[in-house]
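Let me begin by handing over the structure; questions about it come next.
By letter and in written order, the chains are A, B, C and D; residue numbering begins at 1 in each of them.
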Amino acid sequence: MSQPELLRYAYLGPDGTFTEDALRQVVPPDEGVYLPQHDVASAIDAVREGRADRAVVAIESTVEGGVTATLDRLAAGDPLVILREMLVPVQFTLVAAPGVELSDVRRISAHPHAWVQCRRWLARFLPHVVHVPATSNTAPAALISDALRTPDAPDLGFDAALVPPRAVATYGLQPLAQDIADNADAATRFVLIGPPGDVPPPSGADKTTLVVHLPDNEAGALLAMLEQFATRGVNLSRIESRPIGDSLGRYSFSIDAEGHVTDERVGEALMGLHRRCPYVRFLGSYPRADAVRPTVHIGTSDADFRSAREWLARVRGGATT
Amino acid sequence: MSQPELLRYAYLGPDGTFTEDALRQVVPPDEGVYLPQHDVASAIDAVREGRADRAVVAIESTVEGGVTATLDRLAAGDPLVILREMLVPVQFTLVAAPGVELSDVRRISAHPHAWVQCRRWLARFLPHVVHVPATSNTAPAALISDALRTPDAPDLGFDAALVPPRAVATYGLQPLAQDIADNADAATRFVLIGPPGDVPPPSGADKTTLVVHLPDNEAGALLAMLEQFATRGVNLSRIESRPIGDSLGRYSFSIDAEGHVTDERVGEALMGLHRRCPYVRFLGSYPRADAVRPTVHIGTSDADFRSAREWLARVRGGATT
Amino acid sequence: MSQPELLRYAYLGPDGTFTEDALRQVVPPDEGVYLPQHDVASAIDAVREGRADRAVVAIESTVEGGVTATLDRLAAGDPLVILREMLVPVQFTLVAAPGVELSDVRRISAHPHAWVQCRRWLARFLPHVVHVPATSNTAPAALISDALRTPDAPDLGFDAALVPPRAVATYGLQPLAQDIADNADAATRFVLIGPPGDVPPPSGADKTTLVVHLPDNEAGALLAMLEQFATRGVNLSRIESRPIGDSLGRYSFSIDAEGHVTDERVGEALMGLHRRCPYVRFLGSYPRADAVRPTVHIGTSDADFRSAREWLARVRGGATT
Amino acid sequence: MSQPELLRYAYLGPDGTFTEDALRQVVPPDEGVYLPQHDVASAIDAVREGRADRAVVAIESTVEGGVTATLDRLAAGDPLVILREMLVPVQFTLVAAPGVELSDVRRISAHPHAWVQCRRWLARFLPHVVHVPATSNTAPAALISDALRTPDAPDLGFDAALVPPRAVATYGLQPLAQDIADNADAATRFVLIGPPGDVPPPSGADKTTLVVHLPDNEAGALLAMLEQFATRGVNLSRIESRPIGDSLGRYSFSIDAEGHVTDERVGEALMGLHRRCPYVRFLGSYPRADAVRPTVHIGTSDADFRSAREWLARVRGGATT
């Protein structure tokens, strides 16, 4: 009897990244095929091109805000949707090859986001250190590890690296300082991406992600767009502006609305956006990682909408109340 | 072969009222049964009680605003709807029995609305005259006429009357001054009232009349109610507040919205009101007397609504744009 | 040594009206000169013409809403302001000459407002009675009283009258039924009117009355006007539309806002109205009869406004926060 | 006679960056001291720490949107203000050491923003090339140039680089392909930063930049914030959300409003923000690079504000209109 095909998951690799932590929340390594990619765009495109069934990518960090590459890659191109979100706590360890002391460190390899998140610690303990940008959080760990196994390895261009805690063991490195992120509660929100298809049913605590272009660049247009949500009692949990890319002053908005696309109030707000805005892309309805249920304002439950629709049908048929 | 039944029309009589002018716009005297009533409430109740098929009543005057008795009588009680509106120009003639001179006039009988509309003329030419209130514009004309035919008629309590121009001939009176309304363009809007039933189809230039109670007495509640219209691009052509009657500070709003209840944007706005407001009564969709077509804002045509609904169905089925 | 002049108060007379009740709340008969007038317009004009120092007039009734004559008379013409408001409970007694029985009553003289407020009682106990309009609540009481003292008095044209309770004793009439108003809690709000001058200081529980014309007749204009209040956290306790009188479809709004014109938030809202609306008339800031203090929303106290003004001055001078 | 001190300008160096182009718009090299820095944060901090008088930094790019490092660095820390903005067209040249052919290129060093802006060209002509991130647009040009002058220089880790056009001559490199940015109209907006002090007078075509935190994370709070601008007729030309950094779901907004802080309407909007929002930072009023004058809506000119203030003073002193 044949084994069912395992789903293939593209993610920002290599081993030991925060993205791998997020992927492990979705599926353990023995129940899915892990396909590490060298950047977020490649992970997303792997699904578009059929090289993977799903992708796991970071979408928002406590410190840096929206992950630009993810937001922009999802906002345009072949359709993809978000199926689920996962929260991963973010911490960093400063690592080096055995024998390196903290006082020896002059150049640190780190992904720019990691560098930003440890700024205060670095300013205090290594004020003169130079940043050597890395393409991922674990790339420098792998370089150190490779160099240790290579006789006469050339200079790496750095003495130490900021890496996720689990990369320490993965790459057999020596920790020089642990938990050095400035914000002890830092977290990154990841999403599971897949091709569009049937929308999963509501869980009762859902989010809907949208990309919306405004009709023009006036403050009034943003107000009018937000009123499409407010009039139907739909709260927003995230709103971010992104340039549309063709000229300064034109913006696209990336929005998370509370509720599921099958909710009446969300549906009516979306129709309002569709009518008024030049472009609306649905990026999925999916359970919130924090399982917080939406606030349902007076008169905006599904039952209220159904009752209003039935009332309107009666009125159109001749009734008055 | 049997004759078709003529419809019975209740209206504020007697002969010669502005209301009769309005009724004549609806049906000539030989094609309907004219049932004069002595007040607006009786005319409206005649339809409720089956004594008439239709009623013609004033609903708004240039000078006095909403006709309170009509607005309140339609807002509560058994359901009735407005089927049509008619505009009637308003002018007044000062009349008396033959032999009375303008300089003899000390007391003038006039409906309070007529009195108000001739205030400036009266202040100038008859500054010391006293107002004797009448229950209708033609009641004093009838009284003068009756007295002329009655030997030893008692004193009427007034010397002259403000009456509609056509009452002069109807009652055989003597005009002392003509066209004396302060506002030469004054007009009154009348409505044709009937029992609810199938809503007449849209004419392309329609109005929808509503009664709406606010959820509470805050400015915010009125703003939120108006946004239900604004978000769907529905303009209002009239809004009047009326006390709800149980305490000071609680208001009902009488509203004319541009468009027909079968218009998508009007329907959605009505559903929004139904969900948020404690009471909404539909008082009819009917052609505007001035035949002005509504302004249709971008994204609010029926086609826009249908297209948005189809788009939402596609999105709920798995599409993204 | 000369006696101080007593102030002269014009009001809707004669003795026994609700207006007299309101006037007695302001000043007892021995401390002011009571000048009864035969209508509201005359009472108001008495102040404009210097025949009186103050006027007491009804402005809003539980049942009938705004008193049109008062609202319109204050909205135009020489400037006047409201100095105080008074609430008077409204009840009615059906009275007749001695010897008349309830079962004899065919025609009742009543001011139209009184008639409206007793409709249900009348429909139940005197369903066939005819309304004879009176110019005030006490006029028919005076007529009955006069007739009783006049041998061979002509027929009054009515058998009974609806009058305020205190008119029973004043005019020596016989009560046929007491407390017959449909709404046991009915009340009328009266205002004390005077010439403009120094605005009285805030009491801590004040109202500000305004007349505002909208820039055009769109729903959007009303929304924008209400936002001038909402943005500054000013609640409205009353809003009534009145036709401007020159054509159908143009409205003036009569507004009571919570707070005093010297409050910062009220002042800024008024300046906003002045900038955007073609006409704004201030009709006074005065203590509320119910002594309810305004809700002060976050960031809208006088201290908040002063602190914001100081902050702006600092920022304009070079500071950043 | 003593020479006046030249002002010192910190900017993202080294020679040949777009930032240098922007700096040259402000001051030619012989009239100011150019102080190249290795990142945006250092350039900004140089002013805070007194090492420079001014800084020139990128704030927004057509393609990437707000420059996160600049926005965040200005939003917190010691106060700084924007004195001027400069637009610089953005193009890229692919360069290499002499002798390298396009077909030899396997690894390209590029600043991540440069990489993003040439994506389509790279995907078409060098689909398999690997990105080696650089800390600035010119860093790799300098590395190639140094290596050319150094016998037995070690491998640079890349074969070619994306650099600004003017870096080609500056570093004596060989162009492999020119004008390869995907968007031919791409531009970057730079700002001149200095310590706060007297605000420069309005030019008639100004912008005001602000950082605003919302009172809470509801859609309603964003709406209320935008209404502070809309009610005073102030348009926004840019709005960007940034995470506040302490938890997911809390946002700071970076805003460019049309007009100058000394404009009445801008001042009143700022006071409104100050009253309602937990944090407002003024980042300067300065001439727009495009010299577009603001739209002044009806009733929002300085004269309108002054006239409203005088009117309010009159009303508070006893007038009514």
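As a convention for this text, a contact is a pair of C-beta atoms (placed from the backbone, for glycine too) under 8 Å apart; a residue touches a chain by one contact, two chains touch by 3 or more.
All values derive from a computational prediction rather than experimental measurement.
Looking at which positions face the partner, chain A and chain D present mostly the same ones, since more than half of the interface numbers are shared. With centres set at the average Cα position, the gap from chain C to chain D is 59 Å.
For the pair chain A and chain D, the distance between mean C-alpha positions equals 25 Å. Across the assembly, chain C contributes residues 227, 230 that each touch 2 or more other chains.
The complete set of chain-chain contacts reads A-B, A-D, B-C, C-D. On chain A, the positions that touch chain B within their shared complex are 79-81, 196-199, 215, 227-228, 230-232, 261-262, 267-268, 270-272, 274-276, 279-283, 298-300, 304-305, 307-309, 311-312, 315-321.
Those residues of chain C that touch chain B in the shared complex are 38-39, 60-65, 68, 87, 112, 130-131, 133-135, 154-155, 157, 183, 185, 187, 189, 217-220, 222-223, 226-227, 229-230, 234-243, 245-249, 251.
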